[in-house]
Amino acid sequence: MASSAAATAQPLDRTRARRRAAWRRRRLVLLLMAPWLIGFSAFFGYPLVMSVYLSFTHYDLLSSPKWIGTANYRYLFTQDPQVGEAVKNTLWIIAVMVPLQVVFAFGVALMLARARRGVGFFRTIFYLPALAPPVAATLAFVYILNPATGPVNVLLKHLGIDGPLWFQSPSWSKPSLVLLGLWGVGNIMIIFLAAILDVPRHLYESAELDGAGPLQRLRWVTLPTISPVILFSVVIGVIAGLQYFTQAYVAANVASGQASQAGDQTVNNLGYPEASTLFYPVELYQHGFRYFNMGYASAMSVLLLVVAFTITVLIIRNSRRWVHYVGAAK
Amino acid sequence: MRRVGIGLLVALVLGAALVAATARSSATAGTSGAKVDNITIWVGWSAAELKAFKGVVAEYDSKHSDVTVKVVGGINDDKITAAIRSGKVPDVVSSFTSANVGSYCNSGAWIDLKPFLSKDKIDVNMFPKTSQYYTQYKGKRCALPLLADVYGFYYNKAMFKAAGLTSPPKTMSQLTSYAKKLTKKNSDGSIKVAGYNPFLGFYAGNAPDLSAYAPLFGAKYVDGSGKSVISKDPAWSKMLTWQKSLVDWYGYKKLQKFNAGAADEFSASHAFEIGKLAMMIDGEWRVAFIGREHPSLDYGTAPAPVDDAHPELYGAGYVNGTIIGIPKGVKHKDQAWALVKYLTTDSHALAIFSNGVRNVPTTKASLTSPDIKPDAHFKTFLKIFANPKSTTTPITAAGNAYGSLIQAFAVKWQAGHAGDLAKGLQKLDKQIDAQLKQAQAGGVP
Amino acid sequence: MSTASVPVPTALTRRKPPASVRRRRFLMAVANHSMLIVAAVVFLAPFGFIALTALMTNGQALSSHLWPNPFRWQNFVDVFHQAPIFRWALNTMIYACLATLGVVVSSIPVAYALSRIRWRGRNLAFGLVLIALMLPPVVSVVPLYVMWAKLGLVGGLGPLIIPNWFGDAFSIFLLRQFFMTIPEEYLDAARVDGCGELRILATVVLRLAKPAIAAVALFSFLYTFNDFFLPLLYTRENPSRWVLQIGLSEFRSLHQVQWNLTMAATLLVMAPVIIVFFLAQKAFVEGVTLTGVKG
């Protein structure tokens, strides 16, 4: 296939050579794409089709799937006592955590961009928590926020404040998870920092000549220039929010630890306390992999798929603007 | 140039094949081994209790040269269910949660033991009635009892003496007033010693599905037709009102902080064992824990106090048990059955194990076996077990999923988030009935 | 920290500003740095608390004392006696290394085909990659679990590793974006020398794309090292296949909330990633930046 350039040089066999080159090229593309083609069909296409099929069945993996029509969907939309809670919690975490993370990361990045000394040092510190494995970070936070003996409430007590119950209270459990999310905000922060430092100097200078103050420069120069990056991090945040699982699972398990007997299932820890950390994926896990109602869990997957797909399409439709923007800035 | 591409592809396929091969070989490893059969048993016990169980199994091992038994501890129902679904099962499984027997029998996840029982001519009447009940579902027997758990009352005698109290409380109002007397606070108002901690979710006696309290109020779960009657039986609202009033006396937040500062219930720093809790409802196993961890603790045991209006209930308590069975898809069925039979029916084995973990033995013969080491505290629990008014939770096709619904409501209730009690209980009844209907129809839980 | 490759912005204008402006700027800088220091302390505090608790006695960990007294270094020895941490670490390494290798090997050719070769359907294929990238993997876990259960692979690491050998959407995306930035002249020069596409990929592109490949490998390693959900699904009931994250999450129930030991284990699980970070900090920061700016 090395000779494709040489082949075109011979005018007599041009068409045949071209056809052969085209065939070779197709074979080459097929070869290069092979892993993904297999992977996409086996681990993406097939599960999607299966999900839809299974969602109309009762299937417990013990006997073969039994067709039950739309019963799963009817239970999901009208009867399930917990799924509403799960949807609400998921929306809450997306609506609160994502904007807070973006604003917080932007603030830190801005401070870093303005620092004159020790940028590398500070950047390392702010990035480190993002590396901490979620399980480890969550365990640590449940300990640090222990209402009775955790360092945070102990310090608050010295200040004369009666600290909240954090992970033990339904009104504080999600804010505690948000704190955990803010701590691990390093990835977005670094992206923001790079984008802010990439803003062309002359834009600031001309703004200053026009008499713009620091806040105005932030509003009219920095923000518009890095808006594609902000949008990008919002997208990533929303997708992450839709699959928020590990932190919620570990926090509920550990925080409810007081009662749980080793191996006692009468205590249902998922969502502790009072289903306040029961997010959609947690509920899906519960139905699919604790009760093994594969049919019902599939119905839940299909619903999530539709929601996620809608969001994806909306984003791709609107993306033309900002993707182009990045290309121009580069 | 082509070589590069082929090399790449070969590497890819090889890599995948390698991974698949290692994964598969590890999967089939357990089934090989022709002459001496390895059989695996999963149990929930851990630490010292696991050691005691291994002792019993070692005795079996030495008597049976054809098999080697491997014991895996620390198992819970999630793991059992996952293993059965994944198709890679141990030969024998056991669970602490007898309430799940309904779903195990109903779904066929644990196989029917009837053929084995009739082949070996075992009469299930050798087990006490309660234990017979929680090891079957609608006559389908997929489990046998392997020791039982009985809930009773523990109190710290030294603290009773200091407070001028002489005998354990017999009614709920006595329990309440004793609890107030025995509670001590720190200078900042936080709880130093809790007289009695009624917080749902705090240790096993306060299991949030209220299972340990139901027999003490004589509360019924279902009527004759299997419909949930939690809103109709006044015992439930009485129980919840009593529980909430005591929680409120301490203060919800203060109790939460007390709980958060208390050590785990299976650690040596258990609040009752280190004197941070004066009274509690707990299982009989605590006798063995205290004996191991704090032998000098001056404590007493008694039946738990009961509803003031029903003094005749005194002496009864909540009973459940460890159940043992054979999962679907097992390879060495006969060897598995032989082990199950030995563990559940052999008086000597039951007695030895009961001595080790101080759980209640579960055959009529072993209850009175001379092998059982006498112990004054343990005797209290044997009596509660024998009391005809002692009850366990109902066995349903949905396992103990109804317990999760009760828990969801009760936990909201004690936090003051449940609103009107009567309305809440009516809604709870509806949820439980709907859930059960779905489970029976083979639908969603 | 030595790699402060990010240019530090100097004053905005080159003309020397009047004294009052300079003073104001100086004060602003002081305020900015003070805030940075406070933020840094807050960010580091959790690590500090973990480390301190890891050195306490069990009783002290559940008290309101924040400073270990005495320092109990023995905890880090006890952790290894209490739990099979080496076994977990070995499983984690098997998972992370094999998966990372698979991702790199399988994603590079795909990314190349999607960026430097023109063919009909390329845009469609790339669109599908984007969709795969955007959809939460949670939606496909149920049928995949059923599939692996039918193949008898549940309970092992196979279901975790194998999919990585068939291209990973994120890595394909990242590599493609990077391949696009390679100037056509380099490739043309190679073509003139008579190289085929595969040779170009294996020599020119791979050499130029080293930072992107390093980033992909790092991300994949980090992701699998930290992964909890899939190991939970597939190895929950088989402790001999547990990875560090599962072991750590079960550690507490195995050891009845001995918080001092739990925090010691937590620290041990955090350590490898942090060490890798300090060894490859530059690649990390460049990689993260790549995801954002090129996105």
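We just call them A, B and C in the order they show up, numbering each chain from 1.
The rule is short, and it goes like this: a residue touches a chain if its C-beta (ideal position, glycine included) is under 8 Å from a C-beta of that chain, and two chains touch if they have at least 3 such contacts.
Worth saying up front: this structure is predicted, and the values here are computed from it rather than measured.
Visitor: Keeping to the contact definition above, tell me which chains border both subunit A and subunit C.
Guide: The common neighbours are B.
Visitor: Can you check which chain pair, A-B or B-C, has more C-beta pairs in contact?
Guide: Pair with the higher count of C-beta contacts: A-B.
Visitor: Report the inter-centroid distance (CA atoms only) between subunit A and subunit C in whole Å.
Guide: 14
Visitor: Centroid from C-alpha atoms only, then distance subunit A to subunit B, rounded to Å. What do you get?
Guide: Whole-Å distance between the two chain centres: 38.
Visitor: Centroid from C-alpha atoms only, then distance subunit B to subunit C, rounded to Å. What do you get?
Guide: Centre-to-centre distance between subunit B and subunit C: 40 Å.
Visitor: Give the residues of subunit C that touch two or more other chains, as numbers and ranges in rising order.
Guide: Residues 62, 106, 109, 149, 165-166, 195-196, 198-199, 253, 256-257 of subunit C touch two or more partner chains.
Visitor: What positions in subunit A touch 2 or more of the other chains?
Guide: 1-2, 28, 31-32, 34-35, 61, 148-149, 157, 257, 262, 289
Visitor: For subunit B, give me the residues that contact two or more of the other chains.
Guide: Within subunit B, residues 1-2, 5, 12, 46, 74, 78, 82, 85, 261, 264, 266 contact more than one other chain.
Visitor: Would you mind writing out the residues of subunit B in touch with subunit C in their complex?
Guide: On the subunit B side, the touching residues are 1-2, 4-5, 8, 11-12, 15-16, 19-20, 22-24, 26-27, 46, 72, 74, 78-80, 82-83, 85-88, 261, 263-264, 266-267, 269.
Visitor: Which subunit C residues qualify as touching subunit A in the complex?
Guide: For subunit C paired with subunit A, touching residues are 1-9, 12-13, 28-29, 32-33, 35-36, 39-40, 43-47, 49-50, 53, 61-64, 66, 106-107, 109-110, 112-113, 117, 119, 125, 127-132, 134-147, 149, 163, 165-167, 172, 191-192, 194-199, 222, 225-226, 228-229, 232-233, 244-245, 248-249, 252-253, 256-257, 259, 262-263, 266, 269-270, 273-274, 277, 281, 284-285, 288-289, 291-295.
Visitor: Please name which positions on subunit A make contact with subunit B in the complex.
Guide: Result: residues 1-2, 28, 31-32, 34-35, 58, 60-63, 66, 68, 71-72, 75, 79-82, 146-149, 157, 165, 168-170, 256-259, 261-268, 273-275, 287, 289-293, 295-296 of subunit A touch subunit B.
Visitor: Which subunit C residues qualify as touching subunit B in the complex?
Guide: Going by the criterion above, the answer is residues 58-59, 62, 98, 101-102, 105-106, 109, 149, 152-159, 161-162, 165-166, 195-196, 198-199, 201-202, 236-239, 241, 253-254, 256-258.
Visitor: How about subunit A: which of its residues touch subunit C in the complex?
Guide: Against subunit C, the touching part of subunit A is residues 1-6, 25-26, 28-29, 31-36, 38-40, 42-44, 46-48, 50-51, 54, 59, 61, 108, 111-129, 131-137, 139-141, 143-144, 148-149, 151, 154-155, 157, 183, 187-188, 190-195, 197-198, 201, 204-205, 208, 228-229, 232-233, 235, 239, 242-243, 245-246, 249-250, 253-254, 257, 260, 262, 281, 284, 288-289, 294, 297-298, 301-302, 304-305, 308-309, 311-312, 315-316, 326, 330.
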